[in-house]
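What follows is a set of structures to go through.
Next come two complexes, and both contain subunit A; in the first it sits with subunit B, in the second with subunit C.
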Partner chain A sequence: MTNNWTDIQNADIVLVMGGNAAEAHPCGFKWVTEAKSERGAKLMVVDPRFTRTAAVSDHYAPIRSGSDIAFLSGVINYLLSNDAIHTEYVRNYTNAAYIVGEGYGFSEGLFTGYEEDRRAYDRSSWEYEIGEDGFAKRDMTLQHPRCVYQLMKAHFAAYTPEMVQRISGTPEDKFLKVAEWVASTANGERSMTIMYALGWTQHSHGAQNIRSAAMIQLLCGNIGVPGGGINALRGHSNVQGITDIGTLTASLPGYLAMPTDAEPTLDSHLAKRAFTPLQENQVSYWQNYNKFYVSFLKGMYGRNATADNQFGYDWLPKLDTTYDALKMFDVMHKGQTTGLLCQGFNPLMSIAYSGKSVAALAKLKFLVSMDPIETDTAYFWQNHGEFNDVDTASIQTEVFMLPVTSFVEEEGSLTNSSRNIQWKWRAADPYFESRRDTDILADLFLRLRKLYDDEGGTAPGPIQAIDWSYADPMAPAAEEILRELNGRALTDLRDAEGKVVRRAGEQLAGFGEMRADGSTDGVQWIYTGVYSPEGNLSQRRDNSDPSGKNVYGSWGFCWPANRRILYNRASADPDGKPWSEEKAYVFWDGQRWGGADVPDFPPTSNPSLRTGPFIMTPEGTSRLFARGFMAEGPFPVHYEPFEAPVLNPMFPAIRGNPAARVFDNDMEIFGDAEEFPIVATTYRLTEHFHYWTKSVRYNAVVQPEFFVEMSHALAEERGISPGQMVSVRSHRGEVKGRAMITKRLQPLQVDGRTLHYVGLPLHFGFVGQARKASPVNSLTPPVGDANAQTPEFKAFLVDVTPLADPVA
Partner chain B sequence: MFPPVPNPGTEATDQTFGAGDLMRRSASKVTPPAERQTEVAKLIDVSKCIGCKACQVACLEWNEQVEEIGFNDGRYENPPDLTEHSWTLMRYAEYENPETGNLEWLIRKDGCMHCEDPGCLKACPAPGAIVQYSNGIVDFKQENCIGCGYCIQGCPFNIPRLSKTDRKVYKCTLCVDRVAVGQGPACAKACPTQAIVFGTKAEMTEYAQTRIADLNSRGYDKAGLYDPPGVGGTHVMYVLQHADQPELYSGLANAPKISGLVETWKSGAAKYTGLAAVGIFAAAGFLHYLVNGANRVSAEDEAKARDLVEGDRT
Partner chain C sequence: MNMDISRRRFLQGAGAGVAGTALGAFGFGGVEAAYAATVKEFRLFRTTEARSTCPYCAVACGMMVFSAPSAETGRMEVVHIEGDVDNPVNRGTLCPKGAGALDYIRSPQRVKVPMYRKAGADAFEEVSWDFAMERIAQLMKEDRDANFIETNADGVTVNRWPTMGFLSGSSCTNETGWITWKVARGLGMLQIENQARI
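Presenting the complex of A and B:
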C-alpha cells in the first residue's frame, strides 16, 4: 500500500477492483465502512461477480475477467479527453512533460523492438530524449508531439466507452458512472483510494493492470495525498514481510537485486545501478544503493566481509534465469530437482496446473513439509480417489513432515499491507514436538556447516562464511533477528566535521546512517529504524492521533522511516502549500517540511529548488510512461488472457501477452474457446483462509464444501438445477461441485456475443475437515505475468456440464 | 464509529444483574424489581454487514457449541438453518430493486430478537424455563425446559430450535453471561465492520438515526429502524435499507405480533383447555415411553447417518 489502512477513512471515493476487500480482508474493510458512514464516502466495485463487497457498495459495474486494462484504459481516455485531470500535479509530479525519443512507436498492438522468437522486447527505444546538459528534455506546456502527455492521448484514444463495453462487457452507463466518480477527485480537494488484490495480479498482464490504476491515480493527483493511493491488499498477514525479506525470486532483502551471471563483481553489479538524476536537484534516492548493499553483505558475512573480498559478494548465488514458483515446478517436472523444502507452503494447492505439480513432486528424491498442519502437498502421494488419483506404488519420493509452531505459539514481528511492522507476543505453548521454523533452519544450517568442516565439499564459502553469532546458535531469537535486520554501527560513525554521530555497536536509527565502506551492517535497509537505539519500536501500541488525520504514527513502525503515506510531499503544491485545506498533510512551513506524517522528502529542501516528490526515481517525478521498466511496454495495452473466449477485438493477431513466458511444451496445454466456451475465475471466500482453515472445524462449518457459482441463464442453458452436482473441465483437468445459481452472476455481451462465466472458490482439497474436492488448480494454466510471473488464475476457459445426482 | 465496549480488565467483575432482576418468568408469577435496569439493545446495521459469518463463529465459540460440518446445497447459508447449536445465522437474499434496476444482496443476521413482549415466554407452560430480565434480555433456562416446543409456536420470528439430543430448546441468550459482567455480546465483539453494535436501547435508537440519515443520503428513502411495536419493541434491532419491506430480508416478519392463540391462552379460557391438552399430551408421551421405551439410536439409524455424511455424493 502506498497509503495505509487507517488512511482509507480520509477517502471520498473508494474503488475496489481486482479484489474483494470485504470478503478477503474483512478487518481492513472496516475502514471503508468508516469512510462511508463518517465521511459520506462513496464505494464503487468493479468485478465479474457481485461480491460481498458489492453488497455494501454505492455502485457496481460488472466486467469480464481478464479485461481490466481495457476498462482502466477507458477511464484514462475519459480523463484525458474530458480534460478531467489535476493538471498542475500531472505537469510537475509526473513525467507527462518528458519528451520521448524518436525511435519509440506502437502499432498493431506491439511496441518498437519486439523479438518474436524470444517473446521479448529490445526496450532501448522506450527512452527520453537526453539534452546536451545530460538531463532529459521536457516541454512543460505539454504541447510537444512526443511528450508523454501527447503520446498518452494518442495511445488511449481507442478506448472509448463503446470499446470498453465491447471488450469488457461493462454496460456503457455503468462504466461512465465509474469514470465520472473517478474524475470527481481530480482536483486536490477530494481523493480516491484504489484497493486491489489478486484479482489484478493473477493475470498474464497483472503488473500492467496495476500500472493502469496507478496512472489513473497520477492523472487525478491521488498519490501521496490522504485518502488516496494505490493500495495492494496482501493475502497473508505477513506476506508483505515475506516480499520485504527477499523471498522474491530475483530479490535480496529490501528489494535489492540478486546478482546475475552477467555481474561477476560487486562493482559490475553496482555500476548498473548508479541512478544518476535525470533533472537538476533531484534526490534519486537509489543512488544510495551501494550503502544498502554493502550493509546487507556485512549483515550476512560479518567480519568475513571485507573491502578486499568485495564484502563477500562472491558468496552470493548468481542467477542464470529467474526461479519463480512456476519455473521451479517446470524444472522439477523435467526431473532436474533432487529435493524440495516446503516451508509454510502448499504448492499442490497453490501452483497452477496441479496435475503437473503432482507429476513434478513424484520426480523428487525427497520432499520436506514444514507446517503447523498436514498439507495436501505432504500427501500428494496418497490416493484420494477422484480428488487425487495417483498410483502410490509408483511414487518413490521420500516425504518428511516437520511440525512447526503456529503464529500464536511464537513471538516475532509481522508486516501488514500498510508496511506496518508489528510485534506479537507468544500466546500459547507449542504442541508436542513442534519447533519454530527458525530453530529447524538453524539446526539444519549448523549440521550442514559441520559436514563442510568435517568433510569439505564443493563451494564451502557460502555456508562457512555466514555470520551466525546468535546467543544460542541453535535458537536465534526473534528479537536478535529484528536487530540484525535493522543494522548497527560497526565502528564509530562520524559526520563531515568528525563528530561521532553513532558509537560502535549502537543500533542505527535510520537507513540514512548506512555506509558503503563496511562500517555499518543491516540486512534489510528499509526496516532500519524499527529496532533503533530507542528499542524495538514494532512493540509500540499507542493509538493516539494528534493530527486528527488518521495517521496513528506511534503504533508499530512503518517502513520506510515510519512513513504512513509514501510520496507525501505530493500532498502539497510545487511551492509547498497544501493543495487544499481539506487534504493538508505534509507541507513547507518556510523553514522545514512538516505536518501529520514523517515527510517523504529531505526535511529542509526549499521548494524553490523544484526537487520532485518522487524521490526514488532519477526524474524526481512519477512515470506515466514506464520507460524500459516493464516487460511488455511503457504503456498498458489490452491483451487477452492466454485462454480467451474471443480474439483480441483490438489486435486479433495477438494471443495473450506477447512478452509473457510460455514454457516449451505448454502452448499445447491451452484450451480453445470452441471446446471450452465458458470463462472461469477462482476466488477466496471470507469463511476460509487459503488452504489452512479447511483443517479448522468452525471454518468448515460455515463453508463446508466446494461449489460452482453460475448465472441463472447458464444453468438454464445447460439444464442445471440449484445444488446439483456439475463437472467443470478445462484442457488440463476436472473438478466437481454443487451448482450455486445466482443473480449475482449475469451473462455479459462481449464482442457481439453472449458470454457465460463461472466462479470457483479455491479453498477445498483432499486433506482437512471440510468436504473433499479436487484442487481448483487442476484447471488453471501454468502461465504467468510477464514481469512478476504471477500465475493466470483469474481468467481461463472451461466447460460446465450437469452430473446425475446419486440416488438417495 | 459507535465506541465499542472496552476490553475487560484482568480482575473478576461483579455481576450487574441476576435473579433479582427478573421481570417475567414463564408459567409463574414474579414480583418485578422496583427499579428496572437500563434496557440494553443490539443494533444490526444491515447496510454495513458484509456477511462474513464472524458472528456465527464467535457465537459457536463463546457458547462452546459443536456444530456439524454440513454440505453445500447451492446457497451461502451454512448451516442451512438455525439449529440447536447455531443460534445465529447469516441469511442472504438477492433482490432486484424495481426502482433502480440494481441488484441488491441483502444479508441479514438472523437470531433471537429479545422481544419486550416475548411470545415464547408467554407460550411456555414450564415454570421458569423462559425468563426475562428487566434490561430486556430473554433467556431460556434449559434445566426447567420440558421440550414441549410451545415457545417455537409462540415465537413470531421462528427462532427457538429443539435439540434432538436432550429435547431442550435453545436460542441466542444475548450473551447474558457477558452482558452481566459489562461486556457486549460475542457477535458484536467479533464483527469487523461494526455492523453489530451494543449499548443501551436509547443509545442504539439514537445511533440508528445517524445511520438512517446516511442511507437516506444514498437514495434509500425508506431506510429505517426495525423495532416492531407488535411485540412491544425488541432488544435486537435492525437498520434496514427498505424498512417498509422487511420481508425482503429473507422473510423478516412484517408487523410481527404474538399469535392470537397465545394471547387468548394467557388471558384465561384457552389456558385451561390448553393446559388440559398439555396434560393429555404429557400422559400420552409417558404412555409411549412405557410401551416403546426411551428413544434410542439403532444400528440402522447409525448406518443411515454415516451414509448421509460419508456416502458417495457424486
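Presenting the complex of A and C:
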C-alpha cells in the first residue's frame, strides 16, 4: 500500500476493483465503512461478481474478468478528453511534460521493437530525448506532439465508452458513472483510494492492470495525499515482509538485485545502477544503492567481507535465468530438480495446472515440508481417487514432514500490507515436538557446514564465509535477527567535519547512515530504524493520533523511515503549500518540511529548488510513460487473457499478452472458446484462508465443501438445478462440485454475444477436515504476467455440464 | 472501549462473589455455597496474556492470546483468543477467519513429530528429529556436490546450485524470512519463491 488501512477513512471516493475487501479483508474494510459514515464517502465496486463489497456499495458496475485494462483505459480517456485532470499535479509531479524520442511508436497493438520469436521487446526506443545538458527534455506547456501527455491522449483515444462496453461488457451508463466519480477527485480538494488484490494481479497482464490504476491516480493527483493511493490489500499475514526480504528468485533484501552472469564484479553490478538524475536538483535516491549493497554484504558475510574481496560479492550465486514458481515447476517437470524445501507452502494447491505439478513433484529425489499442518503437497504421492489419482508405488520421492511451531508459539515481527512492522510476543510453548523455522534452518545449515568442514566437497567457500555469529548458533533469537536486519556501525562513523555521529557497535537510526566503505552493516536497508539505538520500535504500542488524521505514527514502525503515506510531499503544491486545507498533510513551513507524517523528502530542501516529490526516480516525478521498465510496453494496452471467449476486439491478430512467457512457445496448452465457451474465475470465501483452513474444524464446519457458482441463465441453459453435482472441465483438467445458482453472477454482453461465467472458490483439496475436492488449479493455465509471472487464475475457459439427475 | 467492557465483565464476576457473601452474612450459608458452585470462575483468571497478530491475512489484526499450563503436558497452551482492543487498525474486531484461529492451533492436521516417507512407500513413518535432519543434510550435500556450478563457460565465478528449490512461506516472520534467505542463497540456490504471486 502507498497509504494504509486507517487512512482509508480520509477518502471521499473508494474504488474497489480486482478485490473483495468486505469478504477477504473484513477488518480492514471497516475503514471504508468509516469513510462512508464519517465523511459521506462513496464506494464503487467494479467486479464480475456482485460481491458482498458490491452489496454495500453506492455504485456497482459489472465487468468481464480479464478486461480491466480496457475499462481503466476508458477512464483515462474520459479524464484526458474532458480535461478532468489535476493539471498542476500532472505537469509538475508526473512525466507528462517529458519528450519521448522519435523512434517510439505504437501500431496494430504492438509498440516499436517487438521480436516475435523471443516474445519480447527491444525497449530501447521507449526513452526520453536527452538534451545537451545531459537532462531529459521537457515541454512544461504539455503541447509538444511527442510529450508524454500528448502521446497519452492519442494512445487512449480508442477506449471510448462504447469500446469499453463492447470489450468489458459494462453498460455504458454504469461505466460513465465510475468515470465521473473518479473525475470528481481531480482537484486537490477531494481524494480517491483504490483498493485491489489478486483480482488484478492474477492475469497475464496483471502488472499493467495496476499501472493503469496508478496512472488514473496520478492524473487525479491522488498519490501522496491522505485518502488517496494505490493500495494492495495483500494475502498472507507477512507477504509484504517476505517480499521485502526478497525470497524471490531475482531479489536481495530491500529490492536490491541479485547479481547476474553479465555482472562479473561488484563494480560492474553497481555501475549499472548509478541512477544519475534526469533533471537538475533531483534526489534520485537509488544513487545510494552502493551503500545499501555493501552494508548488505557486510551483514551476510561479516568480517569475511572486505574491500579486497569485493565484500564477498563472488560468494553470492549469480542468476542465469529467473525461476518464479511457474518456471520452477516447469524445470522440475523436465526432471532437472533434485530437492524441494516447502516452508508453509502448499504448491500442489496453489500453483497453476496441478496435473503438471504432481508429475513434477514425482520427479524429485526428495521433498521436505516444514509446516505446522499437513499439506496436500506433502501427500502428493498418496492416492485419493479422483482427487489425486497417482500410482504411489512408482513414486520414488522421499518425503519429510517436519512439525513447525504455529504463529502463537514463536515471537518475531511481521509487516502488514500498510508496511507497518509489528512485533508479536510468544504466547505458548511449542506444541508436540514442533520447532521454530529458524531453529530448523539453523540446524540444517550447521549440519551442512560441518559436513563440508569434515569431509570437504564442492565449493565449501561460500558456505564457510557466511556470518553466523548468533549468541546461540543453534537458536538465533528473533530480536538478534531484527537487529541484524536493521544494521549498525562497525567503526566510529564521522561526519564531514570529523565529528563522531555514531559509535562503533551502535545500531543505525536510519538508512541515511549507511556507508559504502564497509563501515556499516544491515541486510535490509528499508527497515533500518526499526531497531534503532532507541530499541525495538516494532514493539511500540502507542495508539495515539496526534494530528487527528488517523495517523498512528507511534504504533510499530512503518518502512521506510516510519512513513505512513509514501510520496507524501506530493500532498503540497510545488511551493510547498497544501493543495487544500482539507487534505493538508505534509508541507513546508518556510524552514522545514513537517506535518502529520514523516516527510518523504529531504527535510530542509527548499521548494524553490523544484526538487520533485518522487525522490526514488531519476526524474523526481512519477511516470505516466513507463519507459523500458515494463515488459509489454510503456503504456497499458488491452490484451485478452490467453484463454479468451472472444478475439481481441481491438487487435484481433494478437492472442494474449504478446510479451508474456509461454513455455516452449506451446500454445497447445490453451483451450479455445468453441470447446470451452464459459469464462471461469477463482475467488476466496470469507470463512477460509487459502488452503490452510480446510484443516481447521471451525472453518470446515461453516464452509464445508467446494461449489460452482453460476447464474440462473447458465443453469437454465445447461439444465442444472440448485445443489446438483456438475463437472467443470478445462483443457487441462476437471473438477466436480455442487451447483450454487445465484443472482450474483449475470451473463454479460461482450462483443455482440452473451457470455456466461462460473465462479470457483479455491480453498478445497484432498487433505483436511472439509469435504475432498480436486484442486481448482487442475483447471488453470501455466502462464503468468509478463513482468511478475503471477499466474492467470482469474480468467480462463471451461465448460460446465450436469452430472447426476437433477435433485427433486 | 472494548477494554472497558472486559473490565466491566471482570467486575461483574467479582460482584457475583460479593453478592454471595452478603447472602451468607444473613445466615444463608448453604445458599452461598450452592450459589458459589454455580458461578463459573472467570475463565481467563489464571491465564497469561500475550499480544500477537492474526496468522491469516495482511490486515494483521492485533490479537490478545490467553494461555495456561496444560493439565497433560504442563506446557503453556492457548485457551482463548480475541481481538486486540488497542490495535488502531482492527480495534478489537476479528473476522470469521481470525475468530477461529484457536482451532488452527489445535488442528487435527497438526504435524506432531517428524514424519518420513521412503521412496515408493505407501505411508509416512515417525522418525526422530536427528534422523530427519541428518538425512536431509546428506541428500542436500550429495546433490550440491554433484551439481553445483562454480564458474560459467566464460570463466565467471557464478557459485550457483541450480537443482535445489526453496518455497519460502509468506506467513513466516521477517526473522524467519531472513534466515531462509541467508541459508538458501548462502548454499547457492536460485530457485527461490514466496507467495507474493499466488
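Couple of notes before you dig in:
One rule holds in what follows: the second predicted complex is superposed on the first by the 802 of 808 C-alpha atoms of A that agree within 3 Å, B and C clash if a C-alpha of one lies under 4 Å from a C-alpha of the other, contacts with A are read in each partner's own complex, and residues count from 1 in each chain.
As a working rule, contacts are C-beta pairs under 8 Å (C-beta built on N, C-alpha and C of every residue); 3 or more make two chains touch, one makes a residue touch a chain.
As the structure is a computational prediction, the values presented were derived from the model and not from experiment.
Within the superposed three-chain model, A:686 lies in touch with subunit B and with subunit C [touch as defined at top].
In the superposed model, A:644 makes contact with neither subunit B nor subunit C.
After overlaying the two complexes on the shared chain, residue contacts for A:769 are found with subunit B and with subunit C alike.
By the touch criterion stated above, A:16 is placed in contact with neither subunit B nor subunit C. Among subunit B and subunit C, the chain that touches a larger number of residues in subunit A is C.
With both structures placed on the common chain, the touch criterion links A:750 to neither subunit B nor subunit C.
Judged by the touch definition given at the top, the superposed model places A:60 against subunit B, while subunit C stays out of reach.
Once chain A of one complex is fitted onto chain A of the other, the partner contacts of A:702 extend to both subunit B and subunit C. After overlaying the two complexes on the shared chain, residue contacts for A:37 are found with subunit B alone; subunit C is out of touch.
In the superposed model, A:555 makes contact with subunit C only, not with subunit B. Shared contact residues on subunit A (touching subunit B in one structure, subunit C in the other): 26-27, 30, 686-687, 697-699, 702, 769. Subunit B makes touch with subunit A in their complex at residues 1, 47-54, 56-57, 60-61, 66-76, 78-79, 94, 96, 102-107, 192-195, 210-211, 214, 217-218, 311-314. Residue ranges of subunit C in contact with subunit A, taken from their complex: 48-62, 65-67, 75-78, 83, 86-91, 93-98, 100-101, 103-122, 124, 129, 132-141, 143-148, 150, 152, 154, 156-198.
Those residues of subunit A that touch subunit B in the shared complex are 22-23, 26-27, 29-30, 33-34, 36-38, 40, 50, 52-56, 58, 60, 386, 686-687, 697-707, 722-725, 736-744, 769-771, 803, 806.
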